[in-house]
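The structure appears right after this line, and notes come after that.
Letters A, B, C and D mark the chains in the order given here, with residues in each chain numbered from 1 onward.
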Amino acid sequence: MGENSFGRIFKITSFGESHGEIIGIIIDGVPAGLKIDREFIQKELDKRKPGQSEVTTFRKELDELKVLSGVFDKRTTGAPLCMIIENKDFDSSKYKKFKKYLRPSHIDYSILKRYGGFADYRGSGRFSGRITAGFVMAGAIAKQILAQHNISIFAYTKSIGNIEDKYKYEIEVIEKLVEKREKSVVRCINKDISAQMINLIEKTKDQKDSIGGIIKCIVKGFPAGIGGPVFDSLESTISHAIFSIPAVKGIEFGAGFQAAKMKGSEHNDPWILKDGKIKTAKNDSGGIIGGISIGMPIEFQVAIKPTASIGKRQKTVDIENMDNVEFELTGRHDPCIVPRAIVIVEAMTAVTLLDHLLCQGKIPDVVQSET
Amino acid sequence: MGENSFGRIFKITSFGESHGEIIGIIIDGVPAGLKIDREFIQKELDKRKPGQSEVTTFRKELDELKVLSGVFDKRTTGAPLCMIIENKDFDSSKYKKFKKYLRPSHIDYSILKRYGGFADYRGSGRFSGRITAGFVMAGAIAKQILAQHNISIFAYTKSIGNIEDKYKYEIEVIEKLVEKREKSVVRCINKDISAQMINLIEKTKDQKDSIGGIIKCIVKGFPAGIGGPVFDSLESTISHAIFSIPAVKGIEFGAGFQAAKMKGSEHNDPWILKDGKIKTAKNDSGGIIGGISIGMPIEFQVAIKPTASIGKRQKTVDIENMDNVEFELTGRHDPCIVPRAIVIVEAMTAVTLLDHLLCQGKIPDVVQSET
Amino acid sequence: MGENSFGRIFKITSFGESHGEIIGIIIDGVPAGLKIDREFIQKELDKRKPGQSEVTTFRKELDELKVLSGVFDKRTTGAPLCMIIENKDFDSSKYKKFKKYLRPSHIDYSILKRYGGFADYRGSGRFSGRITAGFVMAGAIAKQILAQHNISIFAYTKSIGNIEDKYKYEIEVIEKLVEKREKSVVRCINKDISAQMINLIEKTKDQKDSIGGIIKCIVKGFPAGIGGPVFDSLESTISHAIFSIPAVKGIEFGAGFQAAKMKGSEHNDPWILKDGKIKTAKNDSGGIIGGISIGMPIEFQVAIKPTASIGKRQKTVDIENMDNVEFELTGRHDPCIVPRAIVIVEAMTAVTLLDHLLCQGKIPDVVQSET
Amino acid sequence: MGENSFGRIFKITSFGESHGEIIGIIIDGVPAGLKIDREFIQKELDKRKPGQSEVTTFRKELDELKVLSGVFDKRTTGAPLCMIIENKDFDSSKYKKFKKYLRPSHIDYSILKRYGGFADYRGSGRFSGRITAGFVMAGAIAKQILAQHNISIFAYTKSIGNIEDKYKYEIEVIEKLVEKREKSVVRCINKDISAQMINLIEKTKDQKDSIGGIIKCIVKGFPAGIGGPVFDSLESTISHAIFSIPAVKGIEFGAGFQAAKMKGSEHNDPWILKDGKIKTAKNDSGGIIGGISIGMPIEFQVAIKPTASIGKRQKTVDIENMDNVEFELTGRHDPCIVPRAIVIVEAMTAVTLLDHLLCQGKIPDVVQSET
């Protein structure tokens, strides 16, 4: 581990900042022989990139994948895989070295105390959501390998503000769900609820405000017996990974916080025998018992806070004159980052689960037969 | 990291199982020269131990602290500190090697798939809540060091089932809160709510059932500037630590899942100047912005699921005869583990925060002046 | 990693001190289902224990193996395996808190500077060769697993002082070599050279002096393709492990320091085809090229310095009176630790190589068929 | 740790390959506020780059430093520092996918077994000495920080083949030594011995052969009390780092292998009081006792094997036709890599020692007063 590394065998190292030259990721421990699907990685990047629709930020970036190392003849070599995108559409001129106003719920004070005034503050620097483009690239590689073992990861927008999609989707029809989700600019599966969400975001945007939401993530096909009881519990490692995404403020597995209100007789998932296979009748455990997968879908929900950067008038401290003041923030801000965060949650989940499989020796370090 | 190790500089390694000889913890990286307060560690252990009250399990254990290494002349030496408790009151006779019934939401299937039938299943073995006694011992050491730097960690029972204490306590009066909490067998601060909780647990127990709850944890005095934006975010490491506690199914920082419903203008914590100090007017960020502490109290909530072991009749699979059946579990079970989990949540929080301080070089590796 | 932990998947944590209660080791990541061979572990411990012969120290310890966790029904469970021996025959009365004299090439000054006077100095505390009993226990487990995959590790005394056994032994007949070695109290294979070594040690002992030596270690049956080019090179990890043994001051692989004098045409090992198998005609590479095993025996040599504790009159500093003085050390000291270090070198090699195999997924995390 | 990462707090990740686009290094954990001295880093790179003199390879590379992340306003920000050089002068056309001949003591067989034919073999790919340019860049940063704490690292060519410089240099006059060393194309301090070495290398080159050598490294100003007795011993971590440099086959600290022939009374370094300071009369311990620094110069020697690539006719296996054959290698090869390896040994030493200081909290995570 480390400040910017995650994983034990499949290990990613994140680098780059919002207004620096590049955003990058290094993956150490990629099995050799994997045919890199550049088109797929690019599509994943596109799901995260700014300016996708009216409901996201206007920053225009191509976010074009470049592979700097670790690939030869279109396949991974077993050497560290370095992937980057370049930063192009940024205007740092408006950022001044001395920013008088501490933006509420923003990183200004954090970085002052952590890095003593030396952090690159332009566009939030290292704290920008933009660094997650690296996570997405690593996630795309992980997803590709997981897919070869019939494991799929699927996330979608469950709620924006008070508008919630309460339906329990069947993960069996994941392709259909993806298709429906990608038709919605807010990445909500249900068409009507999607329209309501878009409406809410637009209204919020008009008010120079922002709004939070909840992402649900489901993993299909993950084998039973992966994880552990203590510090390698699936909940421990997945939550570690998910909280590295900016704006995440909560995570719950299965029934989650609802479980705190339940009785054992309600919460317990009865085992059943179905077509000769052992399953549970429901999945309040979220597919994880004792920190270990049980072969049911892994399910969790992630709380995303509203973007801190808003245009509305706010109270704060002027640290130049040491005074309480009011101010207004200008610039282009994302009124709701949930739709763009979907692919990032999927990516970090993929990275984490693949690492577990590799640590337990369930996936070989050289790809065997794939063409 | 690793399956049973946590931390980078202050690094704990957990070992032992429920019906083995001992439960233990090793701490590597304890600063040398710390005067071990055995009485304090024992008191912390007592807060976790079984049989404290009518509302917990009846297993009778002394849980007496033994220090096997790392201490000389009553002080830490800088060598690994090994602390154990012994297991005494257990009767493994009733556990048979072949357990026909997969207990719902219990580890039977997990360990079968993970360890191929070789795990020590007696009393849940390595998955028992009992292993957290090790966490508590490590936490006691961490708390002692943190206290020398005026950092206190305080958790309490916020809810049991639907009974919730919604009051926002002032962390400034932490000693009073601890006093009040310790007067309640459910570790709830409010006397009346405490009585309701006890009543609910007893009723649940009579129904051979169990119940979940929510623990709130607040850290006082933690300095600003600790943590980081990516994999070392305070949320990442704290959640990693907390999910290593059995029965935890959710965690949220500050406003948490509520933040997902809020607008930026509601959620943002305005900075204010108060007595020459920079603070925030409220604390929906939970004391953490950009993964870094801001000097406000760190606040988070933990969802504890109801104990899986209940006496009520349940449906499950008989894996000997491969059939769907109903069965009843016998034995002594904890109807609600929330009260005993309070000290464990505090312990893992202490361990995690101390490690952050050591990694950033904020605490010296030899205790300086303490007598 | 960490001060007292080593390994990534098969991870050992060492604890205990010379005059504390115990010496122990925890292994995290032992495959489940391994039938523990207590007799074998004890035999390995016996090879390291003091008082084996006239040429070693007189401290009398039984060094009896105790397993505290991780084993159930005589097999590993996948939980951390904790093994200890107890310290019994020690007399700490002669050690005074303030030791006036800094013993030459001894740890007195090191621990003063590192732990500020708080280290347990009795019998060298954490720096005692006695802590390697933990390494030996871990090594015995690793050897057992490696043996199931036909990998054997063999070390022997190559030289004591100027007496050297220059013969190149055939690792194919390893059982015979072990047999011959174990007949020699100095663990030298050749009977005549062994006699000379014993003679030298006894003479040295009479002079109240000590003597160093070289250990050669050979690994048979290790598969090709394990290791890596950079920080996971076999030389990097093996040397890391070996230098954790007190008194080691050098390591060389294959031709080692001799290679520095050679030309490429001399040093290069020609590949040859023999009975349809690819081998090298000689093994100056020590079985490792590019940090990766090539299927030839892994060979390396370890330099052991003479024991620092000698009875001879020595010059040093009296740090109480801050003066240059002469003094004589009393007590029982090992005139040559090489014979007892053989099994320790084997142990750390076994631990390191097994970890490599597990990291590359070459050994399953549950033992398959062994009875 | 990991295959391509090293360090705990100051953590480097290496990537890139010989004939890929770039060679790079990421440093995580660089203190914020360090003024980057690009000129110094470039000078260090120049000491390693090919084509410096007649006695090195002819590959012409500018090896121009590019900083991709982690620097803002010329100072480190606390974010990961990514530095690269580009690969320009390479001609991969002569490398064919199927190479019939296994080059003796070369990586052909290693990578076949490790990466199943998927490794980038061009110019040795990931195994090329060229990847150490990344080590050099990281080392330059580490040296800069160490210099602020008056710690200097100095290595030089001690021997080439049988020509050895036996003089014991005074590390106090390090600037003079560096000056002398840099006047010699083989980086030998003594002018006459340098001439002999050059002569030997040229003769060897004419014979289409290569030659090995020994590098001595000395660290001045390193404080006492850094390191540890077990897996964090200075010897363990330094050797781990040094063996990650291609062609290293041995390392010894202080008297090293010579110590194996010595008696305790000869090897022990007497403590002496000199000008009120505690020192040792000589330094056979190499500045490290019990794995911990004692304030004396840290001294070690590294054995470099002769380059495997030679033009001379060699025996090997034709793996296409599975036959024993003879062959001749063409191309430009370094007859002796010792002179270029000097700066690499210094770099990895700097990286390792700085990490130790940071782990023990001896260097702050924000640079304090430097201008």
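Quick note on the criterion: a contact is a pair of C-beta atoms (placed from the backbone, for glycine too) under 8 Å apart; a residue touches a chain by one contact, two chains touch by 3 or more.
Please read these numbers as outputs of a predicted model, since none were measured by experiment.
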Any chain that touches chain B and chain A: C, D
More contacts between chains, A-D or B-D: A-D
For chain B paired with chain D, centre-to-centre distance based on mean C-alpha positions, whole Å: 46
Separation of chain C from chain D, taking each centre as the mean of its C-alpha atoms, in whole Å: 27
Gap in Å, rounded to a whole number, between the CA centres of chain D and chain A: 39
Sequence positions of chain C contacting 2 or more other chains: 2-5, 8, 14, 114, 126
Chain C contact footprint on chain A (complex, rising order): 8-9, 358-365
In the complex, chain D residues that touch chain C: 1-6, 8, 14, 102, 104-107, 109-114, 126-127, 131, 159, 161-162, 204, 207, 209-214, 223-233, 235-237, 239-241, 243-244, 246, 248-257, 259-273, 276, 278, 280-281, 284-286, 289-295, 303-310, 312, 314-317, 319, 322-324
Chain D partner contacts - residues on chain A that touch it in the complex: 2-5, 8, 11, 13-17, 20-22, 24, 26, 28-29, 32-33, 68-70, 72-73, 75-80, 82, 84, 97, 114-120, 122, 125-126, 366-367
